[in-house]
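Here it is, the structure in full.
Chain IDs A, B, C and D follow the sequence of writing; residue 1 opens each chain.
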Amino acid sequence: MSIKVIIAGFKGRMGQAAYQMVSGDPELELAALIDPFAEETDVAGVPVFNRKEDLVGLEADVWVDFTMPKVAYENTRFAVENGFAPVVGTTGFIPEQIQELTELSRDKGLGGLIAPNFAIGAVLLMQFAAQAAKYFPNVEIIELHHDKKKDAPSGTAIKTAELISENREKIQQGAVDEEELMPGARGANFEGMRIHSVRLPGLVAHQEVIFGSQGEGLTLRHDSYDRVSFMTGVNLGIKEVVKRHELVYGLEHLL
Amino acid sequence: MSIKVIIAGFKGRMGQAAYQMVSGDPELELAALIDPFAEETDVAGVPVFNRKEDLVGLEADVWVDFTMPKVAYENTRFAVENGFAPVVGTTGFIPEQIQELTELSRDKGLGGLIAPNFAIGAVLLMQFAAQAAKYFPNVEIIELHHDKKKDAPSGTAIKTAELISENREKIQQGAVDEEELMPGARGANFEGMRIHSVRLPGLVAHQEVIFGSQGEGLTLRHDSYDRVSFMTGVNLGIKEVVKRHELVYGLEHLL
Amino acid sequence: MSIKVIIAGFKGRMGQAAYQMVSGDPELELAALIDPFAEETDVAGVPVFNRKEDLVGLEADVWVDFTMPKVAYENTRFAVENGFAPVVGTTGFIPEQIQELTELSRDKGLGGLIAPNFAIGAVLLMQFAAQAAKYFPNVEIIELHHDKKKDAPSGTAIKTAELISENREKIQQGAVDEEELMPGARGANFEGMRIHSVRLPGLVAHQEVIFGSQGEGLTLRHDSYDRVSFMTGVNLGIKEVVKRHELVYGLEHLL
Amino acid sequence: MSIKVIIAGFKGRMGQAAYQMVSGDPELELAALIDPFAEETDVAGVPVFNRKEDLVGLEADVWVDFTMPKVAYENTRFAVENGFAPVVGTTGFIPEQIQELTELSRDKGLGGLIAPNFAIGAVLLMQFAAQAAKYFPNVEIIELHHDKKKDAPSGTAIKTAELISENREKIQQGAVDEEELMPGARGANFEGMRIHSVRLPGLVAHQEVIFGSQGEGLTLRHDSYDRVSFMTGVNLGIKEVVKRHELVYGLEHLL
């Protein structure tokens, strides 16, 4: 029997990608679409709504949410209260809200997922990096993005460094008498590890974690070529939350 | 208190590397060295022997073995019987021997390790590849070695493909109507996965496992520049076997 | 003074990309747009035509052509006869046609370019590979494409191997007693060089040429993430043909 | 007829590698070996000397020099004056000395080579990078070395950046409103280009130059695994200087 899915924010770019993904998977079935900006009343037979309140009582299993930060919490709360297991890619939650939603889901015995990053490959890379750090305390991160990106290092690189840091022996890397002939050459210093940010046109979003040890190297690389990559994670999320009885924060908890 | 180590085969290349590694680690202490070809009676105060029988009754914790296939089984048996936890890099064991040694070690409550590959990075790569294959069934392996290597694909590549195969959904990769304009272009076919072997002077031993999915890629790479890399694994083995009560086959069981 | 450009086939995907590129470059100016399927009579003030004959007598410098194989020759001939230097990305020319158009352009003293590949990076990679092959006769090619690609190896890989082959010492690579435990592992054999074709979802179009020599390696890699990359080459083509007096085949002749 | 070669400094590590290389090439013949620390009078029939003065009048074509900075100039001058074409890997020359030796060689009509870097791959990479920069002004350099290296960036990275800089359009790379959340993340700034220095155990000496443009990337990578790589360049140097009539500084002038 197929899983019945609601997509909130289906007119947006991510919502559209989710619509394509759900439509194309025979194990999934669209139950409803919501978007305040939708003018149609149905899309290929699937009913379209403008307000979430119109979905009370609808028969559906999962609520996929790609809406906006300011409504993400209200939407997720609504989903849980109405028995729709939430799979949420919208950002903007504060820790207290996640805590509260988790408790609410536990009371209801309903699974759920709020994920800042749906790229399975990126999540696996972080997990592998954390594991490898136990044996290889010497590590550097190179993240490469398009040249319109404003911040450096990327959020993913910082998150990766934090995870590594929880597992690796604390050491200051590089030669003791290391000297930067040009400032910044050795990158950013994160507890003795180094992070390097490359920005070039043409690039999308890439990350390399390089471990070095006597006579060997281990490199983990993730390449994100297109946002459509998130849909593999959304698909996994939909199929996992219906088997679970509590909301989790982070795709890694479903892997 | 430091761990007391015997090195069997200390005159060989790997034995010498083990000698350097043990000497340089303050948590380890050399108890004895053995080699049938040794002519000296001590090295820097550490007693040297030609025959294993001379070590009966010696106070030591671990027996590191880098000798020769024809004596590996006898040596390991001797070590276990005399209470030295074996860490064996010598090859040539048949499954029945490993089975028997494992049982013997269990009877004695003694830890031990027989490992065909001591490069931690290579072992981690295989584990990570097996894990990633659960989510990414599309994968190809590229292994790159110096051009004196006779066999293709490498043993490590085949072992990696086997481990991946235990975890991934069975699929035939590539386009359905794929066509090789030149035979061999698509590499070796291992249950639908492809393996490519590159041979060039200058290379040492390298392996890349590339996973592809909608809009993203995940690449795991191991570079072996020098056999000294094995010593990180030997060091780990020594420190782990003293905490255990059974011999294991494969470094992965100690990670 | 800006270069006046006509775009033929402006309604197609490549034509649209060319329109964006020309519009955005202050050194270029749109003189006219042509497409048999266009229904508008102007785009942002630029006149639109359905038939090339309507452009006789128009004041313009360059004719950019992204139309269809069956009209490519006629279009290019028309452009040269009317004094528009052609920059042609449409395929389907036979050698005799290129020969004839080259002679015609020479008579007219008009520059021009017909190019099967407008990605400057790919063309540079081929040139560099040919140069490096003089010093490094040991080389392998790995090309990586999305898994909808039917043919292996790619046309670019074969062209690269041909160029390398003109410059390198003829040798059979790999160990003399090399043995394939699984057929195809060593890839396709092109005059002793090996070519490997990787096909995975997520990938776009990538190529690596790896040279190996005693103790060192040199790797050249091109990544094509998007067809928009061709526009850097079209832009270069437009600016170069106006300085020249003969049509050339292949972007490499303008580098 | 084979080229007759003298090796100065043959007892050192590089001298030994040169000895092996010359001995193994049927087109070359050892004429003499010199080293102040040599105690033997011949090696496999080749005469050994302690002082260069003893070689006056010897019949030889090329003087290979891997000695020490303080004698490099005197040695090279001696070689040229005695008709031995110098191939010098020793460092420590000041520009005036190179100028003077070049003039002296021109007077004698003798070829010669003084090279700070004999790795052909590294020299080719620099040349290719300079060429590519004409078309791709956006570029970053990542150099990776073992963690005993003191200075960052490496001399080769700085030299590469200088060569690129002579050919590329001056631009400031990255987003206009780029922000470093952690200082150093964006690397060292060399005229708007960025240089990143990675230091890890296990690594030897590696450099990547990454060019990015709309929708594409071009990466040039050199891996130095072993100093023996220099011998390909020394071999080339020996065979080229005997055809030339002037000393040059830098292997690139013989490619």
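Heads up, the rule we're going with is that a contact is a pair of C-beta atoms (placed from the backbone, for glycine too) under 8 Å apart; a residue touches a chain by one contact, two chains touch by 3 or more.
This is a predicted model, so every value here is computed, not measured.
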Chain D and chain C - chains in contact with each: A, B
Pair joined by the larger number of C-beta contacts - B-D, A-D: A-D
Interface copy of A-C among B-D, C-D or A-B, judged by whether over half of the contact pairs recur: B-D
Geometric centre distance via CA averages, chain D-chain B, whole Å: 38
Chain centre separation (chain A, chain D; CA means) in Å: 48
Of all residues in chain D, the ones touching two or more other chains: 202-203, 211, 213-217, 223, 225-226, 229
Chain C-facing residues of chain D, complex: 119-122, 124-125, 128, 131-132, 135-136, 211, 213-232, 236, 255
Of chain B, residues touching chain C in the complex: 138-140, 142, 144, 147-153, 158, 173-175, 177-190, 194-203, 210-217
Footprint of chain B on chain D - complex, ascending: 202-204, 223, 225-226, 229
